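Structure record follows, encoded as structure tokens.
Order of writing sets the chain letters: A, B, C and D. Residues in each chain are counted from 1.
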């Protein structure tokens, strides 16, 4: 009587053993990739919006300032989505009967909101504040990418915890002069395009923006007054700061005088300089849980 | 010595030592092989088996319902609360793990000590271990508030860049229990390979031949294989021994590492292990007694086995008793700590004092009866004993978990604990699951290791020329 | 694998381990090397007889164990010092005493698994097809109560007729030729 | 509403930041918020009521418009993403877990829509809270408030720190009014005989009636209201009376000030309020006056603050501690009594006699005849009198609100005789602009109703059907009135009986004004458009005037026009200042000239010793029942009894034994013919022979209030509204389960451990002493042993460096808290505030009974000594943020870790819920979501949530975070300005609410911070610090100022102890 199994089954048995191992490994790798995939993170996906609003056109084309629409980005954790009124400021005059803008006009007429789909959507247990990032030299484009080159808005980065931590553990890698916050085209300094910075003598109690001046044109070359690095402050905030500072910083509103400028040709150098002069908290502080989760 | 007047014609008594035999005389390779393999290979399943199987399945149903409701509503369906945030779930977990210990102990430690009598019981003791660990392993998962996130306890690269917290005894549990489960299964399976070969060769049905053939991996009994096989088994035994000791030690850390009076104790590891073995052997007896009756295995699982196990239980039981005594001594006198003092007073005379006395009765008082040869030799009494000890050991965990928690440091937060029907359903359910698996095991796998029984037969010895040649064959 | 044809070897069946061991010894001293014994339970003497003395399972096991301890302790150290150092209960980042336990468990896990799978691998299992299974008496007895000695055809000294007659001298129950 | 200026302040964090005024169109923004929030919803739901209403609200919840509203309301609506899952039940949950499996916790979320404004209000910065000043009108005087508003949703109510009277303190009821605003059971619309009507329809018929009644001078038109607190309302009525002289206005609150008014009328010829200046008093005597337990006592905030000012043990210039001494003679045990240095338990009916006797003893009257006192009472009386006389002009006697006029008269006489008037007590005009004897008025009203004289009865913000004295049978009388109207925020017992029901406004929804107890006027400004389009009483009353459509806003503004001067061209300047400040400066009452010459009326004969009296008291939290539907107030355990939900028949252990009942037994209490069923509960220190029933429970309506407790009004009659003797008690044999959060373990008295073996002690209390959890000394002992808190075994804190590991160093900020046990009066304000700030869930009676209350902060009450006459200690208990946190070490996933600033932070979204941390927490301050406790369905409650705090989902551990959201807000402000956080810049919710400054929070590394200084005091100790947890929260040990004549020192350094 014949054998239960034929010759080939030996090979088969061993193969299957090896295969099981491989499958397990493959599965692990897949899941690891999956959790970071755009399918999960929405990275680079373009949600369909009621109005195909083009940041490219408005920012690059028309040169609108970020804050023209995102008004509270310096004042609040929430950058702000423009009300219909903001659109109508212009579109009451131009493109008044463009097909694309119908939803805007409807909203204006009916008083119902334009219903956008959130592109940068953090989980609800994550507390992110635009306010502090913008004030401490984190440029829009560092997180949102070249918005001025996006006909349709999409999410440039994964916005996952590991991505946040990358920067929180080493802010120097991304920090830039506060004067360059809204500069979409900002590039880290290099031999070709160096940056000169000077820290003003007053440290304590001066808004980050005012404690350091940076310029991309060599101040020594007498090319005139270096543009002052400072976020524009509305009177209210100035008042608030000065008032709050009444005791320990009477000098806050005084425009600091540039002193000796230092030349920076690399992001590392500039980064560590700014981290020091902007009083950025230590990586250990920044990567502590309660910073983002409460 | 009762041997003298022991009836010479009693085949189960060894006339020389006067002890019960580990194995009835007159068996041949073939007879033992057939006796054991037929239980599995017989085409017609006994009705009793079906009855029990269905019953166990039914009880297991309770578990399914309870767990479904649990996932639906949350752990709040149990009685746990603040301050008693751990309840039945952890109690059962520790209890089952404890039971799991006997199997490995018998197969590993007794193997190292070359105890022959282990052979006939080690296979199903190991099976018991695995099923107990299955029941135990379930609890840590379902008892957490958000079970669907249980995988966060394992270290794996993730997009959050966060990792488990290795200072936590619970995390140690994860590794201890998973390791224990894995090693036990491997040990069990390796041990079964030769017998699976036997089943393959003896099976009449094509399906049987196929299935057993695959799992037997083509074992053919080459002596070269045997040698490596023996080494591997010995190594596994050698590894399983420290493992089995470590597992319950680690479990005891869950309590010992915490700073709660009644938990924060250095004596926990040793007496947890002893307790585990204690309850483990009790469970082996609980299983062995009905099995040997039902499958007429009296000549393979003899009174000698019961006797030996009873002695092991006595020993471990005394270690446990010593543990309790130490606890009392330390908290009342040695520690000079108010917390300890109050804890022990409250454990004995507090509102839940009854549980402590149940524990003392079942674990210490009654088992002393096993000093009597009469009790050790009486199958029903031993069965009863095993049940008592199992109960006692469950209450030990109850006392440790609940009566330490419900009145701890801050009097304002004292509370109480009253189990809900879902607590009971879950516990009963695991008993069902356990028996369910066990029924499957006895039906489809050799519950007694044939190859090892063969070794025990007198004709298994290789004789030298000096010895006479009359060979017992068939 | 290439299909091998012809004779695998000659299989002698014995009734008792003693006979088997004797036979094996004789065969060995007669200069046969490519041979194996098959028994329903471990018979060390037989292994000795055919000159099989040491095996590598222990070594494999040791390596596995070392691997396990290194892996886990390394992981723990990396996590708590570099990956995400956190102040837990005011304990130092590198709380090595706490790391011992998981490392210990992994030592045993890795050692155990390598011992088991090492053994199977060294035994060339799984090997569900084997020429010997062609011999009916082998299937019936080898895993129950019979003892077999197989002299394999690949042995230089193997010579069907001679070998058979040689085996006959060892008083076996039977000698059968095993085909591939 | 047009052109309304609203001053508001932008604040970095509460109490800090510069204030500036600006104007903006509240009308416009209100329309905006309304449009985007509840308007649409309201339309959709029109015509649906009760359950159906909520069901359809649920259906709505799915629709995008609705999410729109919520999203708009919640720029950063924070809740664990899992919430919709847990809402939609098992299948979804399983689906979610599938989705989760393999993913790293961060899961694929559904698309979230954004709903921007169409026209954004100018000075709205989404995500930045704005603080508005307003006031909470309460019968005993308004509580001036500073309300935190997020996107125009009031989300936190707190006292106005600048107010001259309260200076920022608040109380549980005030905190609870926030939830009252968002109460889903609030009345949604107007009804006429059960059918929905428009407000206009009511106005039409009301005004028609008025027109025809005008001739008769409004005869037959009656208004019945709760205690009037608004001067504007009074003014409106005054005007109305000109044209309707015969119309009548009756005020009735079940808990009123009739006794005080009667006494003052007798003494001064006119109604007067007594204001006590406790900061000037060395000796304070309370005659059943519960002035430390909450807003139920007039002027509570100020009294509590002043009382504790003299117990902070700061050395005065004289080198002495100038500590006051408090004597309390009371019936029901109260926090006041438990804070007293000496307390005497007296039956309520004995207090008048005692008061008279005391008056006699200090020479202000003659002793009552036929009163016999126990030895204790006599001793007490004698030494109190002695102490009083010794400190004439520097002492004060306070009569109980729930005591008859004679006690008040006695108090007036005593204070007068001791020359306290003008020093420690002044008498002023009444806070109530139209004071009256309410019970008498109600009697005559009912008489008129029965006589058929009443044609129109307009009931404003009152619930007489529920709370009127039983003997008046108000409901029957109501049937005899032609037309009855009820205006109220809830459609309560009365609202369901009357012909008309008008859905009223909450005080945060409508304009009004009110006086604080010192008379200072606050304008009540609304923070949100009426959620359900309700109407305020002002609108109804205005109908009586010739300009019936004048809005409440205009009416109020008109009233105070004189106090709101223009500044140059800026006509609104004064008005804006008023709104901004939250009060009108210098409007406090001045003292009446001339002390009262009170003749003490003869007191009734002493009740038989064996008779049992019933005492009626307002509930600490739900007051007379008006807040019975506020979940927080029901759930937070009452002081003293620790009873959460329910009310009970409260009595002493002796009385309990005497009537042969045990706790939980349901008793049938019969009081002259009327019966009520009440479960028995023993209270340590309660006067024997009397049973206290708290009013306000046993409501018929409301998903919270319904079915809670029993209605004590059933046996309360108009002739004895305060207490009444001659009750008969019968056991029914039924048993009632209480939700008592701490029992005193009388099931097992401390015979074996601790105590004196008498078995009359609370084992809990004894353990607290033995374990050094409570540490206190008498003043003398303190002077001899300033460091007493650290003397004795188990009371020393281990040195951090004895550890095998080096201690973690906190070099920058190190947050810490110090709690003064001397100042804590156990009023629960902090607990309620914590609920509001941290979105803490209400779990309901059953869960509380199981011990699953979610309060992050609780007030532990320990009873020391014989439970018949105990000394008690209040200990606020929240997470101690231990530096060696036992909870952190055992968490397997690192969900609770230490921050570099020493916070023990809980990361909800990382928690898997092993509950190990709770087991290992010696303070048991961790709370676990055993089930899905957070309410994700009820939309109105969503509006209330604090957007800066995660709403915890099921299966997650939570605990006090030191209000980390506030710390982070302050950090961001400070970092923007490159400075350190200033001391006092971070104020925790509990600290903010505390009326007595018992809680101080700050940076202990900052040498100049208050908390640092407090922690350096020798009295400062850490609870359980000897087990080396190194808690960041420490306590200042209690010091009591006992009268050596009355008691030997009780502290552990007393001669007999040491």
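Of note:
In the analysis below, a contact is a pair of C-beta atoms (placed from the backbone, for glycine too) under 8 Å apart; a residue touches a chain by one contact, two chains touch by 3 or more.
From a predicted model like this one, the values you see are computed outputs, not experimental measurements.
By number of C-beta pairs in contact, B-C leads over the other of A-C and B-C. Inter-chain centre distance (chain A to chain C, centres taken as mean C-alpha positions): 62 Å. Mean C-alpha positions place chain B and chain C at a centre distance of 30 Å. Chain A and chain D have Cα centroids separated by 45 Å. Mean C-alpha position of chain B lies 58 Å from that of chain D. Residue positions of chain A touching 2 or more other chains, listed in rising order: 4-5, 10, 13, 35, 160-161, 284, 289. The residues of chain B that reach two or more other chains are 158-163, 165, 167, 171, 200, 213-214, 217-218, listed in rising order.
Shared interface positions of chain C, i.e. residues touching 2 or more other chains, are given as 84, 86, 88-89, 91, 95, 126-129, 133. Under the stated contact rule, the graph of chain-to-chain touches is complete, every pair of chains being in contact.
Within the complex formed with chain B, the residues of chain D that make contact are 89-90, 93-94, 96-97, 100-101, 104-106, 742, 745, 747-748, 752-753, 763-765, 767-768, 770-771, 773, 794, 847, 850-852, 858, 860-862, 875, 877, 886, 889-894, 910-916, 918-920, 922-924, 926-932, 954-957, 1023-1024, 1027.
In the complex of the two chains, the chain C residues touching chain B come out as 15-19, 21, 36-47, 50, 52, 55, 57-58, 61, 72, 75-76, 79-80, 83-84, 86, 88-89, 91, 95, 98-99, 101-102, 104-106, 108-109, 111-113, 115-116, 118-120, 122-123, 125-130, 132-133, 138-140, 142-145.
By the touch criterion given at the top, residues 10, 12, 16-18, 20, 35-36, 64, 68, 72, 75-81, 102-104, 106-109, 111-120, 125-128, 812, 897, 899-901, 903, 905, 907-910, 948-950, 961, 964-965, 968, 972, 975-979 of chain D touch chain A in their complex. On chain B, the positions that touch chain A within their shared complex are 156-162, 200, 209-210, 213-214, 217-218. Residues 86-92, 95 of chain C touch chain D in their complex.
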